[in-house]
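Chain lettering (A, B, C, D, E and F) follows the sequence in which the chains are written, and residue indices restart at 1 in each chain.
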Amino acid sequence: MKNLWDIFKKGVIVENPIFVLALSLCPALAVTASAITSLTMGFSVMFVITANNVVVSLTRKLVNPKVRVPVYITSIATIVTLVQLLLQAFAPELYQALGIYLALIVVFAIILARAEVFASKNSVIPSFFDGLGMGAGFTLALLLIGCIRELLGAGSIFGIPVIGDWYDPALIMILPAGGFILIGYLVGGFKMLTEYMEEAEAKKGDA
Amino acid sequence: MTEEHGTQHYSIFQIAINLAIACFISGAIIAVTYFFTAPITRQNAENTKTEMMQKLVADSDKFIPVEGKTDWFIANKNGAAIAYVIPADTKGYGGTIKMLVAISPEGTEIDYQILSANETPGLGDSVAKDAFKEQFHGKRAEAMVVTKDPTNTENIQAITGATISSRAVTAGVKEAETEVMEYLEAQN
Amino acid sequence: MVDTTMSEKIFNVSMSPHIRDNESISKIMWTVMIALAPAAIFGAVNFGYRVLIVLLIGMGSAVLFEYLTQKIRKKTVTIRDGSACLTGFLLAMCLPPTIPFYMPAVGSFIAIVIAKHAMGGLGFNIFNPAHIGRAALMISWPVAMTTWSKMTTGVDVVSMATPLNILKQQGYEKLIETFGSAPDMYQALFLGTRNGSIGETSTVLLLLGGCFLIYKKYINWQVPVVMVGTVGILTWVFGPAGLFTGDPLFHMMAGGLIIGAFFMATDMVTIPITIKGQVIFALGAGIITVLIRLKGGYPEGVCYSILLMNSITPLIDRFVQPVRFGLRREAK
Amino acid sequence: METAIMVVIVMTAIGLVFGLILAFADKKFSIEVNPLIHIVDDILPKGQCGSCGYAGCIAYAEAVVLNPEVLPNLCTPGKKPVADLVAELTGKSAPDIEPQIAQVRCKNTITQAVKKYNYAGVEDCIAASLIQGGPKGCQYGCVGFGTCVHSCPFDAMIMGDDHLPLVDEKKCTGCGKCATVCPKEIIHMTAIGAPVAVLCNSRDKGVVARKLCSVDCLGCGLCAKNCLFDAITVEDNLAVVDPKICMQKCNNPTCLEKCPTAAIYDLR
Amino acid sequence: MEYFTLFISAVIVNNFVLTKFLGLCIFFGVSKNLNASIGMGMAVTSVMTLSSMLAWVVYNFALVPLNLTFMTTAVFVLLIASFVQLLEMIIKKQAPALYNMWGIYLLLIATNCVVLAIPLLNAESSFSFLKSVVYAVGSGLGFALAIILMASLREKLRLADVPKPLEGLGIAFILAGMLALAFTGFSGMITL
Amino acid sequence: MIKSFRGGVHPKDSKSYTSGKSIETAPVPEVVVIPMRQHIGAASIPIVKKGELVKKGQVIGAADGFVSSNVHASISGQVIDVGDHPHPVFGKCMAVVINSDGQDEWVAGIPLQRNWEELESTQLLKIISDAGIVGMGGAAFPTHVKSTPPKNKHVDLLVVNAAECEPYLTADHRLMLEEGLRIVTGVKIVMKVLGVEKCLVGIEDNKKDAIEKMAAAFSGLPVEVVELPAKYPQGAEKMLINAVSGRIIPSGGLPMDVGVVVQNVGTVAAICDAVTHGIPLIQRVTTVSGSSIKSPKNIRVRIGTSFREAIQFCDGFATRPEKIIMGGPMMGMAEPSIDIPIIKGVSGILAIAKGEANTGKEASCIRCGRCVNACPMGLNPSMLSILSERNLYEEAKEDYGLFDCAECGSCVFACPAKRNIVQYVKYSKAQNAALKLKENRG
């Protein structure tokens, strides 16, 4: 159990897909102008990555290495299409808001990477948790960016105004420039955080 | 996994079949899902459209498609046409603004809805807000001119910092009105 | 008597050369500020004392942020060299007089902390910090950044819009009409009795300051001349009523072109290091300015043209290098 | 329903077509590659992120396998485990040599050092020693601008208050980078756990050295004479301790008290 | 003229990287050095153009008539991935020199969102074949422009004393933000 | 038309301290320390022993190989030490110390009278070589080496460097005013040695009197005096050749690549002495100046005299000197002590007071481009310094022409950020050399 927790945890901080691995950066900017779209995108990716990890792990003995990549892509594309169809049917507004980026989940490097690196070499349960952890890391990262951008750029979170009227929202935050700069500093912050954690770990090791 | 690379060889057919099977399964799954969601999606789309039109022309009880015009609807109340709901496209600050405009048979504006737009949040997207919309109600095509003079109530007050978007929407509504009037004239 | 007592002293030793020119960074920066001062004072006359507060906040906060960043980064504090103060000054000069007081401070924060120190501090910033600050304010609070105040010196009719705004939204005829006649307009533009950002209005005072800097050899004359010249030629050629019908004089004096060409396109940190490169820079900036003025969404393009050219500067520097002595012949 | 069936058909067809094309192309165009490249490629995270500086994981795999100079630890996403694996596969892990540590052999602090001149210029030991060998009177002593400190890739050194560099023994990996950059060759790589050492680098004659520094080795040889195990030799007016002999044989160093300038240090 | 505006819009005004956030992974991954970024820019442009053509044909002659547009994503991604893999194999074998110049970037692009996005956007806006091609070339060049600029800026900052935590990716993002800020100057210039 | 070169700077020339003062001869010192390395190339080998008696003009150090030079006793007396002694350039160096016997006697055979016109150029060359003549312009390159161009290079022009572009220094100026005949004879000799038909003498226009004097002295000879604008580094040989003849030495090349040999006026004068009277290089004219010197002078001193004595001859210090400089303020070396001997290349001794130098704390480069405009070599000193600072010295070499830098210091002079560019350049050159050494070994 401890092990599974570790697999999960690693995806959230130490190997955070966005801030540390720098994979799948596009959605981190494109859909994070508000918290709600960030969350939806996060959950969609989490679902795709977990489901795909499970599928890949289940079929890992059956797939011919020569067509491994195309097969994985087929699998991902299927799952994404499912998500698309479902969202379209049951949450059309969100489907609209995510726009083309929903379709682009197919090519988010993080998903293929987890399939190749982890799921194709591990059994179902760890793969599931790996997917969940990576997905959670991705979701949290998106949510963090989304909340900050929405808060500073529109004065609200999830559409609910939280800062008073005195605050004149800085539009830059919900525009490309602000998004880039914010993520730049968040990446820096994460670097300090992981370094700090590593140091703390090392100290613990010493004692 | 690793040792397979150098050593094993597969026939072309084997490899192809492998991918084909994967695609087959995938196709099957998608097909099943689509089979179930398609009707819901279609229904949803219908609903949203009527809902939107209903919002534009609240007291209408029926929307009838106009023959010969795609996506034109006549809003009926008790069998009488009380409005024409027609789509309009216009070029805004960040790209095309798509809207749905309701025009009374007299040629005055009733209301409009922005369907899709890429205007700047906080600036251009205020054209979807009621404060701006209300200015249009009951106005005729001749009055559809953007002004920056705060005392002018005849025309349409531009949103500060988003004159371009304001102009675009105004132009769109104006065009819709003219089109409806032309259509009605042609009918008569 | 031979004085040998000193010979036991420990001497200073350093690498040659042992004499240096009497210039320093702080001298340059403070001189530029002095060159800017007349235009700033005129801004205060034109728009009221409020302007002075905006300028002070801009400069003060820039210096404060520089101090804090350097303290936090444990670097030597160099606020005395005046570069941060100048950045704040130039930023404030490019803001509308009615700007809320917190905005110059936010702009200075962006200029100093993000545009300057995140890139490694003085000398390494790629983009003109003052312009990054202004551009960020522009997209953050476009309304506040495009709301103009009443003037104390100007004619009443002109008071609520800048000339370029009128041009963009109402056309050239309206522009002339607002000022009365073309000569009146040129006079207003030249003297500065027109609306606009705090420091950009008075062409004559800015020219004076700019020429002073050229005389002091702190800036190369080629840069402002080429940039203003390019704008003049292009606006003349691509006039509103077909080729060669434009009003170059208006475009050369309107907006922030003069302050931009003399004080910002000459910020040595962010422009190419060779004169040839600087001429390319100025040419490009002029072209982009005209492009934005005539075709773009904004009425004014100086700020963006300079930022865009800043981004090409490393490429220019890479390909336009000084001609090395002794390589000329070889090339032949 | 029709659409649903169409979906299945189209997908299968696409799969078949591409499968065939790819398989065929693979046969037709495949070129022999070093199988190790694929093995290495397999363990890389496949982020295809390019953070290694190569265009994609396979490119890095190729480089690291074929080019002996490419380091095995360039893959950032992979972190240490991957680096270890790659190193193992490519045989690049530094061979397990005897662990070493950097030792700074100068104790001539900035306060007590005899100054030759006031230095003004680039704060770098190598640059400073270009000018008459540096500002300190002792030509063999530490210049004190910390070129070694800045060059340590592992942040294992800090500059002490007395302008003599200090090695953090926990962090020092023994890479020897600092020793190679020091213009005065003051830093020596030595065995971990040496009990005593002569922390001086001066090859000046005793009389000269004495004037320039109070803690220098005069090269008088008293320590060597007093060492029971011949662990100390004097060469060029400088005593050098062989730490191996001390570690193996000596548990009560007698050399320490004998040094007239206390240039031998007890490191235990 | 229409094509020209479309082209300029794709290259500059609505630059994919800086205003539409596509292709960011390679944009940040491969912009560390100028030569690599030039190779990457060329590779992206050519792959994007070729796969747009291919996708246009498939879309308009298969998916639309069969009413299967909801499957566009899945079909396109398979199409492009396979196509790029094929391209890579062929170039590697037939033109090793070319391969070394920019072929090595191909695999990296195979599953990159900008390459998939263009065919998708073409399909969405029902562009004609020629328009699709113009749009694809423009977008590719826009990407190339952005990545080359970025690489030159990053090469310059290599010499700068950037705060440690921001080194690498952090400062690259900040630079991209400032580039985006500078590019807002073009906003509103062309509305499509 | 005034001829010049691209770039350069205009430091205050500060020559008025001594430009009006005639050359004074310093008294014969009690003790001289004569280092064995006073020139570029291999150190000479001492051929006298401690305790030996030597006469003025006697060879005490023999050249070790072709690129090396003889060293002569500059006074008569007893050798009291042969060993390491302070040296203005190397810190320490093998030197012969002679205690004067107060006689100041010439060694046998000197001085003599020679009719040089009868001699072959090889004989002349031998005389120059034996006399230990090296370049007096500062670099101290053995003159006989320079005057022996390899067969494949055709030399057709002699350029005499009388620019004296360094501030403060006036030794060459005074020499031209007072001893023009020596120079004329010297030039004739060198022209014969080289077999050239033409000679150009470059003089900066802040020495109008010298220009007139030399023009008169050279009238009737195929020698032209060229007036050059006063600009530093007019005297650097590449710039000088470019200014006077329009020829451009290719990057990495030597003057003889464009058929030119450059000699300093002091060198030419020394050649004259050696050839006509057999007098080796045992003394030179040097400028003792700077605001800290009580009475600045141009003095003729014996090689091996200590800086201290030279300064004492100029009545010592007037104020506390901050810096002692050997040579000019732009290229000279700061010395940690005044107990060092004057060697053949010492064209000046400067004692500079606080505030005279405009130094300041180094800041980071603000890319102002002044250095680029100042660099006569067309380099980008800003990049050279930044790359060196980041240890990217190989890039500095490959892409920015590190080794073209003449270390003239114009860039440093111009830099408002007070960057020590020359030091960075030297650092990088040294690192590159070390790297090359490593490569050759491994």
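Definition applied: a residue touches a chain if its C-beta (ideal position, glycine included) is under 8 Å from a C-beta of that chain, and two chains touch if they have at least 3 such contacts.
Since we're looking at a predicted model, the values are computed, not measured.
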Contact-graph separation of chain A and chain D, given in steps at minimum: 1
Intersection of the contact lists for chain B and chain F: C, D, E
Farthest-lying chain, centroid of Cα atoms versus that of chain F: B
Centroid-based (C-alpha) most distant chain relative to chain D: B
Rounded Å distance between chain B and chain E, as computed from the means of their C-alpha atoms: 29
Centre-of-Cα separation between chain C and chain A, whole angstrom: 42
Chain centre separation in whole Å, for chain F relative to chain A (CA means): 70
Distance between the centres, which are taken as Cα means, of chain D and chain B, whole angstrom: 65
Numbers and ranges of chain B residues touching at least 2 other chains: 1, 5, 10, 14-15, 18-19, 22-23, 26, 30, 34, 93, 123, 164
Where chain A touches two or more other chains at once, by residue number: 22-23, 66-67, 70, 74, 77-78, 81, 85, 109, 112, 171, 175, 177-178, 181, 184
Two or more partner chains touched - positions in chain D: 3, 7, 10-11, 14-15, 18-19, 22-23, 26, 48-49, 51, 116-117, 120-122, 130-132
Touch relationships between chains, expressed as pairs: A-B, A-C, A-D, A-E, B-C, B-D, B-E, C-D, C-E, C-F, D-E, D-F, E-F
Touching residues (chain side chain F, partner chain D) in the complex: 91, 334-336, 359, 362, 389, 420, 423-424, 426-427, 430-431
Chain F-facing residues of chain C, complex: 1-4, 6-7, 9-25, 27-28, 78, 81, 83, 121-124, 220, 268-269, 271, 273-275, 278, 321-330
Touching residues (chain side chain A, partner chain D) in the complex: 14-15, 20-23, 66-67, 70, 74, 109-110, 112-113, 116-117, 206
Complex contact set, residues of chain C against chain D: 10-15
Contacting residues of chain C [partner chain B, same complex]: 142-143, 146-147, 169, 297
